[in-house]
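Note that chain A is present in both complexes that follow, paired respectively with chain B and with chain C.
Coming up: the complex of A and B.
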């Protein structure tokens, strides 16, 4: 799964999809995840980075990460194999 | 710096109301022209069209007869106005008046020196809502199935051809989504009372409505095109806010229509984009839309290009526009002296 190439992300967490005209806001961790995915990092690399950076456990991270990534797919901000974003 | 060329432009569609005409945004675009110093002559139908009183945009306004009065009466009125104003270019902005103006194209130019840049009568007719099925087939564009009806008694049998919901549309304006035959009857009555017959019944396509404002040079070239999605829609279905989109496929569809039909002049295409990225054409308006000023904001001054085309000049097509530019309409109370209202009401000019 990857973030669509034309998605714009600002430092304030404003996410804009120029294909649909939709815009959203995300928090600092959301910004971080989107940036990492945009850089081409895969799921394991993103999760590793988050575990290393934040005080959280793997179970909580798994749940929150897939919630977030599913939302990105649903909002047409990301594309690719949905199975990569486990339900 | 090159001096701007002085030009007298007459514009209709001054009804900047909740279902706005394109006149005022067209004038704003012309006022921002880098090539023309425009003197604007407003042409109005009703005395409460707000544009009449916007003296910062319109230098003088004249009332003209309603389209139903016929071509000769329009011609007589334009002769009078032209004798005073020496109109160089005329930009009609209403669907309902276009037929008369198209018919007058040659006479206006030959007899009065007034130039227009309008679709041909064939282009105007073939893109009618009632002919959209044929139009889609001819130019290879997907269109929702549609049918003209003239009587309420035809509504029960629509179930043989359509599934509900379906869209009930007026010949020129208005559209409502009917979820039941009863609702279809209600909308048939409401719309036919206002806009007459026939009523167009159209298959309802699920998806996101996207629109394009564009201009064709009459030889198949798209001079400019800017796609937009409505972000805020009024209860009349009009955009109160919108945003320009990055949508290459939509631009391709627009270019295909303009190339195939050799479209001449401004136009608006209304499309539905489905979840599968299919595009269905639901309507072509044969003139600029009321949101045409967004194109100016995005770097494409379509009304200015129209003037140049009308003057017979070549216009280099735009290749890009700003994506993610928004427009937001607002309402504004103009304070008008009774004398002004009196003048336009009694003398027909202001």
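Coming up: the complex of A and C.
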């Protein structure tokens, strides 16, 4: 899964999609996830980083991470990898 | 390195240019305490969900209502509408403040008697009063508000048999410009039914017609409708004076003032949309004072205000069971309370606050109850911070009708506590147990055993 290339992200959590004109707001951990994904980190790397940084456990994080990236796909801020896209 | 506090990641579309109808900052500001008591500790001690009643808020609201009417009209009497909340502790707060009782069934009548209300201060309303109940009410000198002709004839018969003059009023229904018109209770003003009933009572000469009653609707947002209702009751009272030379002792304007809740589909929050007691009092007292009574003929004004008197004093504390994502992407949060105990979520968008601190980020969500039923929706749209399992919430303005209309359906009903004026907590209803339900059941002998 990749964040679309032209998505703009501000440090205050404002997310803008120039190709649709839609804007979104996200919380600090949301910013962090989007940033890491934009940098090209894969799912495992992102999750490892979050577990190191936040007081949470793997099960909770797994559930919340999955929910969040699904929202990114749904809101068309991210796209699946080639292989996934073909289904 | 010290780890940071975790909050679930959330993202939400911003609708620029469109006012957010579903959330204001005050709505999701956390409410951690009620009258000095921590929500967390209350739940820890009495379980979740839990109804909490603020005695302070009841008394303040009562005094506000009383002041609004007493500063405008010389003779005012409130009668506590039992059906709105008949927990005895709640009733007795109202009785201590000076309220009579207003009941609509034999069950409620008996409850008022047990609470210690004198019989002549129990107003007996409602369409279904049994013969035995009417006998008791006649014996006790309770004002009986006659709903239909069958009841009128029965009372007349009983008065002869008991050699006692029942104290009666008629319930009048009328057009006050409000839709829908409540015309199924009592006798109609416009088509002459009310006059017909009055004539029958006066000519029987076995009952005392002491009052006139109406209850024009509930959650009324138009004070002017009460002005119309009061004027019509006054017109009847003046007519009775003229025709029978008899003074009517009281006019009972019923209940129905809107509370501070937000009706479903209403754009304004209830606190901004609902008129205050002053506006209702102004409309009613102006109409009665201008009707042409002499000073000593002025009737007592009775009010059976229910929801506006107690709604704000009630809170429901609850706990998050789970979070889900619906197929259309909406967040769904499942609570441990549903329409079974929060009946009024069918009518209102109840204000719901988180009971712990969060960052300022929020999500739009649907709040569901725990019942296995599609209708179990507490809020269709609500803006709340990202809550997780075991977090607590406070539902506001639930003091009216929930603790009487709740259902023992699927789950047991929760405990109720009252917080007194010194912020001390008293349990006023026990949490139900399986025994409370099963003890009422009887098992035929041949069904006692089975083999699987």
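We take it that the second predicted complex is superposed on the first by the 80 of 87 C-alpha atoms of A that agree within 3 Å, B and C clash if a C-alpha of one lies under 4 Å from a C-alpha of the other, contacts with A are read in each partner's own complex, and residues count from 1 in each chain.
Following the convention adopted for this analysis, a contact is a pair of C-beta atoms (placed from the backbone, for glycine too) under 8 Å apart; a residue touches a chain by one contact, two chains touch by 3 or more.
Note that the structure is predicted; figures quoted are calculated from it, not measured.
Student: Quick one: is A:6 in contact with chain B, with chain C, with both, or with neither? Answer first, second, both or neither.
Tutor: Once the two structures are laid over each other on A, A:6 reaches chain B alone.
Student: Look at A:74 in the shared chain and tell me whether it touches chain B only, chain C only, both, or neither; answer first, second, both or neither.
Tutor: In the superposed model, A:74 contacts chain C only, not chain B.
Student: Which partner does A:45 contact after superposing on A: first (chain B), second (chain C), both, neither?
Tutor: It touches nothing on chain B or chain C.
Student: In the superposed model, does chain B or chain C contact more residues of chain A?
Tutor: C
Student: For A:53, is the partner it touches chain B (first), chain C (second), both, or none of the two (neither)?
Tutor: second
Student: Which residues of chain B touch chain A in their complex?
Tutor: 208, 228-229, 231, 242-247, 323-324
Student: List the residues on chain A that touch chain B in their complex, please.
Tutor: Its residues touching chain B are 6, 8, 16, 18-21.
Student: Along chain A, where are the residues that touch chain C in the complex?
Tutor: Listed in rising order, the residues are 13, 15, 22-30, 33, 52-56, 60, 64-65, 67-68, 70-72, 74-75, 77.
Student: With touch defined as at the start, can you tell me which chain C residues reach chain A in the complex?
Tutor: Per the stated touch rule, the residues are 3-14, 16, 323, 325, 329, 359, 361, 386, 388.
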